[in-house]
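Okay, so chain A shows up in both of these, paired with chain B first and chain C after.
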Partner chain A sequence: MKNINFRQLLYLFLLLFSILILAGCWNRREIESIGFINSVGVDRNINNKIKLTVRIAKPFTLSGQQNTNVDERSFWLTEMTGDTVFEAVRNFLNHSPRRLFWAHNRFIIFGEEFARQGLNDAIDWFDRDNESRRTAQIAIVKGATAAESLQVEYELERDPSQGEAGVVEAAINGQSNIVDVKLHDFLLMLNSEGIEPVATRTDLVPTPQGPLDIRGNLKREKIGLTGKYIGAAAFKEDKLVGWLDGKQTRGLNWVKGKAKGGILVINNPKTGKRLVSIELIRSQSKIIPKVINGRPSIEVKVQAEGNIGDIQGQFDINLKTWEDMEKMMAEGIKDEIKACLRVAQKEFNSDIFGFGAAIYRNYPREWERLKNNWDEEFPNLSVKISVEAKLRRTGLILRTLQE
Partner chain B sequence: MLEHGKISARQLFFILVLIRFVPVMLLCTYSYTLKTVQIAWLNDVLGVALSLLYLYLFVRLCKGFKDKTIIEYLESNLGPVFGKIIGIILVIHFFIIAASDARDMGETFTTTIMPETPIIVFILIIVFLGANAARNGLEVIARISEFTVPIILLFLFITISLNYKFIDVKNLKPFYFPQGFSELVQPTGSILSLYIGEFIIVGMIFPYLNKMQKCSKSVILATLFTGVLFVILCIDMIVIFGPTFKTLSIPILSLAKLIFIANFIERIEGIVILSWVLGSAIKIALFLWATAVGTGQILKLKSYQPLIYPLGALATVNSILNYERAADFINFFTGPWIVYSSTLSISLLIILYIAQALDKQKVKS
Partner chain C sequence: MVIPIFWRKLFKKMKNSEPVNNNNKNQSKSSNSYISSYLKENEESIREAFGNSADLVLRKVKIGANQNINVLIVYIEGLIDNKLMSKTVIKPITTFPDNKLKSPSPNEIHNKLKESQLTVNHLTEVYKLEDILNKILDGYCALIVEGTNKALLCDVIGFEHRPVSEPINESAIRGPHEGFNETIRVNTSLLRRRIKDPRLTIEELTLGKIGNTKIDIIYIRGLANPKVLQEIKNRIKKIKDEVDSIQLSGQLEEYIQDAPFSPFPTILNTERPDRIVGALYEGRYAILVDGTPYNLIVPCTLGMFITSIEDYTQRFFYGSFLRLLRWVSFLIALTLPSIYVAITSFHQEMLPTNLVLALAAQREGVPLPAVAEAFMMEIVFEILREAGIRMPRLVGPAISIVGVLVIGQAAVQAGLVSAAMTIIVGLTAIASFITPIYSIGIAIRLLRFPIIILAGSLGLFGISAGLLAILIHLTSLRSFGVPYFEPFGPIILSDLKDSLIRFPFWAYRTRPKFTTHNSIRQTARLKPKPLRQEEKEIEHNYGDD
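== the complex of A and B ==
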């Protein structure tokens, strides 16, 4: 006992004290006690309160063990109201056995009505909260509430959020007729000068319940409601003003330089009736603003590349038909851009392309003057579109077999 | 001499890089001072250029210290009363930095990962950790920072480089000042005041360098190195966050939270949190050490070690009492601190010139 001096005793106490610290902290959260949110829908109920609908993953249905019940839904859909988003989030705790965890949220879905009144009431919390991330997709449901859209299911995925994410990713890369807008992108568009936001648009597709289902397995019933992602939702500031269809959305993507892929159908250069489909590969764009005597004008230059994917009534490809097809491809792209430009200028009066931003970046002093009456200026803005289209390859067939 | 350790010029470089990086990684008061985001990088360039000028002059004066710290030097040349007063001001300055750094770290932890934990828990742990390192002397602090800085830089590199998907270079335009050049003053002041206010610590470390003639080289290199990194970091923030950069309280964490590659590399902000702990503990250790050594030299004590724990306790109390809310902390560092720190550093430079002149006279006579 004599050998134990004060110093050793102190160390012993320190070691014992560290047990208190190392064991955990106030904010410890065990994985069994948290509910992972996959998607959240934001609406207003009839009392004008904010209604949140969340889809919480049921982890035990997703484990890979053999004896799991495959018929059980992989998620729990529940809703709560509150005066603010955060109040609604906390109100879940009154009936959810697990604390909600937001870091894995992939979709923030807004109902059409809510979006028309403006997203500003709801969007702040998703950026301010320490769990929530800016990588969640912002989607607006056309003609329905977000609560309804959270009831969709996808035939190929057990988890609907996985299905939604799959559709969005596939459509962005393969079709370019939807916009890829994450919370981060939305906030940037909302806060930047001279550009109005767009958001991903989703439609609900009820699938009729036929008498006979020959596809699914024996026990499972057919999915009643599924979702479709095409087009975009156009905003003016934080308020929804209208919808773009697939063609117009790709027009928007051409201007923004975000078109990555898709099919463009043009006339067959030999016989006008039959068609050729061109697979788009990549594109680049440039918005060149000009302000002459205080009058703004915009020139949009688009460069697109494509491959020949499919020819109805095969024909011999020579230099002339090749150039004809490139010209028609450029016309087709121009068409899509014009379709989008028309609705943006005449119907929505919303600068979703960011032409104002282009002026701001190149003529900041002129923009100080222009931005106050940009609403009157934008619908009559002259936009010159020039498209340079290149056809690169022809697939495995080089020339015709018949004709 | 109170401190017996010797450190190399390279270790000084790492120490300086580390103490300058901590306020950038934690709750970033710099972004609160910004008015126009796309020209924010210009503030970094200006701030670093002005700091270089100051530090060049300061380190040249340091060479006159020989084997004395700044506090001993002032006392021996300006007389016991006046020298001691300035010494006490300097010691309080180091103490404030240690305390506010502890607060910064606690504030960051409570706003981000553990909102329900009382802030004192983080401050106690980090100050205790720092105090233990400080008790072991300058050599230990230098060695830890020597291997910590590369780790922090690696984490920073990962955070910056994995966000390439969100980069939009157009956010850097237009280059113009909507409210005139006056909007540069506050952000540039914020950067300048942190550089010169904290790098005064070189005056405390100087006599413990094994090759004193290399001191100015490592100070200038550290300033340039951090300056270039800050400009890169700032440009990265602008091109990724655009106008929302100035709304972020902890930009580095927001940057790390954005990382999302191929559904695989994501949610790696843990590395940022790790660098907070590493960085702020060492910075607190260094400034506690400087406070203790300075106090010991003013009071002519035989060793400074017994002062460390009481000073640590005082720093903890100070960090709790000085700022009641996060807004107080931000207000202090976006306004009063800039004025206070720059005034202190610049008057110190003038006082050092006077001290040097008196010193030369003494040698002549």
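== the complex of A and C ==
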């Protein structure tokens, strides 16, 4: 300390202090001065400009304080156009009192028309911008524009984005008949060789007005549309080529090893008329590519496990019926995979399974030759499906009920 | 020099118009001299030295065959035990058996008194007036037989003091409930009772030009590092004859601490004898200051401030849990308001969506930016805390009502302050009181403010810069040669056993590395477990004997 004199210390202090002042609190924005975007919809308007529709949270309607007005909508729906996405985003500043904040955006929704023309024009900004995150769900609206889709409301949630996120999460874990595609996944599929992207599919369902409340005078918001998440949107490159239904989508998930749950209904092994439902609990899959004499072929091995969830009719559960049920379960799974394979190969000609990528990983030299005419190869690709299904438990009871 | 002149005026009687010599203590020329054989002279000198103070008692008693020999009794009222005095001093003198000695000489009377007559426990013979003056200030009573030039000092000390009671600010559930009081001899007795070993050494020093405060340096010979003792003595010697007096241990702490400008205390103060005993067993030194219940431990580390006796009295799982809890609260108290400020004004993307919306809803309509709000609320809390300690007991409820209702509820309802901020400030306040030693809590509370400003201007970057600066400072500190941030910086593996968590007692093989050279504490095989076969046989043989 002795060789630093007071003057030097003073200068040091002044320099350090100037950091605080000169920095000018760069990028400081109070939390209440921010418009948190929940969801964004991307369409084109009639002038072929990009139209962004955003749902901005109104935090003051969500707080638990007494003066909250429950009837007030918890979001502000507004739209803006521009030649590019970024221009449209900036144009919001001309009429939004709060600066928009993208880090909490959960959904990027595209209208069907926009998706058929290709997502590339819009998706770049969402990846490039430092606020926007790759965790936003990519969803395509079937038969409508994104702007319409943003008007959906859910009975159980005040905030529709919360509702959408809830439906997606429940369907992924409990049904496996939708695909879970975040911006990150979409970009990976888009930019990898030998795989075509899929995206979450959403349908708009008009909700019929329910009967009047018993009291008759209860003020009630009219809910016109609600969202339904089932199936998937299949792409070729960045362009939408078609829709998968729920069964086909689960077939896709079986192949990709992403089926986490769901109900598979098989015939009662005794009568064949009545039914047994099996709750799927876990699955694994393996795509084994082979190139023999330059001809590629694919073997898909799926291992699935399930529990008996529900039995109609009466039969003895013994080793034989158990094996019969496992066989039928395997058949059911194979059915779903085949359904998906058929549309992908024959209708869309889009390798949404990533068979090409599997060949690329195992036979990189052959792929160099194959990739140029993969579009011709893929529809005729021979795919062998083998399913190993196991039943594990029977629920709380073992025997069937007496008839 | 202004001070000596002021000084001289104040004590001119004592000084006897001699030029003041700063290095001399309070003895005047007369008190430096020897005891005179004329009682009158002695009486005058003593009276003069005390400026004829009201509580000075000079009593003459006549004894001897013809009641012709005067004995002067000198003491200070209030410092002696009256009953003891009359029983052990006055009574033996007044019933002096004069018939056995025919016309005894004063020296014979003196010797008789000294050797058999006086029934006091502790008796010394002195020849200097200075010794009389010093000792009667401690509560001794002096006897001078006329015609002798020596005096007898009898220990009849007895003055009012607070009894040994429960420590007020460092309480424990299962630990001992004895705390220090303001009397140094009582305090040393508390330590002696816990360490029954002659190696427990108490060195006494007297400090101050005027006050003559007693300071005891206590250590266990063979455990404590003698170099540290030398260092303590050197630092005390420097101020010994320079300061007026040392009244508080805090005062001594400021004179001898290593880093005078650091917010962190490098000397630990405690009112718990058990804490000092624990430190002595680790080879540390205790410095007791007369007149204050807070005594000092050197050298100390940061970890000792986060340690409570409770960590050791409860089983080690719970002790470790308490330790972790305190370290976490230490960090909460230091950084929570700044993290809140940084996140709400810079890093909104760091929180889950629902939480960020809830916070935004809270802040809706709050007029101040988060950093100003945090700063204001922290200051308000500091004011409330200070008022709570300083106010008269009877107005206590009023302060709580004002604090809770006006500042808490009303401010939130009026929308001046967000509810989240009151939660943050409240949590921070509670966390800052969890430290067992109050002085480290003060350090945290002071450091909180610069970090809030850093967070408000630079965000999390500012917080990490601030914490880094604190870390660098902590690792640079030394307390009497021992690294303050030990065992974390430098990392001492064996000392980590008693840091963030507490190992069971049988796992402590070594004493702290830096405080003692006598490092092996106990053997390694002390973990309780069933006896092995060989050991059982030995046990059995013992039983036969």
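One rule holds in what follows: the second predicted complex is superposed on the first by the 372 of 403 C-alpha atoms of A that agree within 3 Å, B and C clash if a C-alpha of one lies under 4 Å from a C-alpha of the other, contacts with A are read in each partner's own complex, and residues count from 1 in each chain.
Basically, a residue touches a chain if its C-beta (ideal position, glycine included) is under 8 Å from a C-beta of that chain, and two chains touch if they have at least 3 such contacts.
Because the structure is a prediction, the values reported are computed rather than measured.
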Chain B versus chain C as contact partner of A:N373, first or second or both or neither: neither
Per the contact definition in the header, classify A:R365: touching chain B only (first), chain C only (second), both, or neither. first
Of the two partner chains, chain B (first) and chain C (second), which one does A:F60 touch, if any: first, second, both, or neither? second
Is A:N48 touching anything from chain B or chain C once the two structures are fitted on A? First, second, both or neither. neither
Partner chain(s) touched by A:A103 [first = chain B, second = chain C, both, neither]: both
Considering only the touch criterion stated at the top, classify A:N293 as touching first (chain B), second (chain C), both, or neither. neither
Return first, second, both or neither, reflecting whether A:E30 touches chain B, chain C, both chains, or no partner chain. second
For chain A, what residues appear in both contact lists, the one with chain B and the one with chain C? 25, 27, 103, 133
For a test of understanding, state which residues of chain C touch chain A in their complex under the given definition. 344-346, 348-349, 353-354, 356-366, 369-370, 453-454, 456-459
Of all residues in chain A, those that touch chain B in their complex: 21, 25-27, 103, 130, 133-135, 184, 187-188, 191-193, 357, 360-365, 368
Name, in rising order, each residue of chain A that touches chain C in their complex. 19-20, 23, 25, 27-32, 34, 36, 38, 57, 59-60, 62-63, 65, 101, 103-104, 106, 131, 133, 162
Chain A partner, complex, touching residues on chain B are 111-118, 121, 125, 166, 170, 173-174, 176, 178, 241-244, 247, 254, 257-258, 260, 266-267
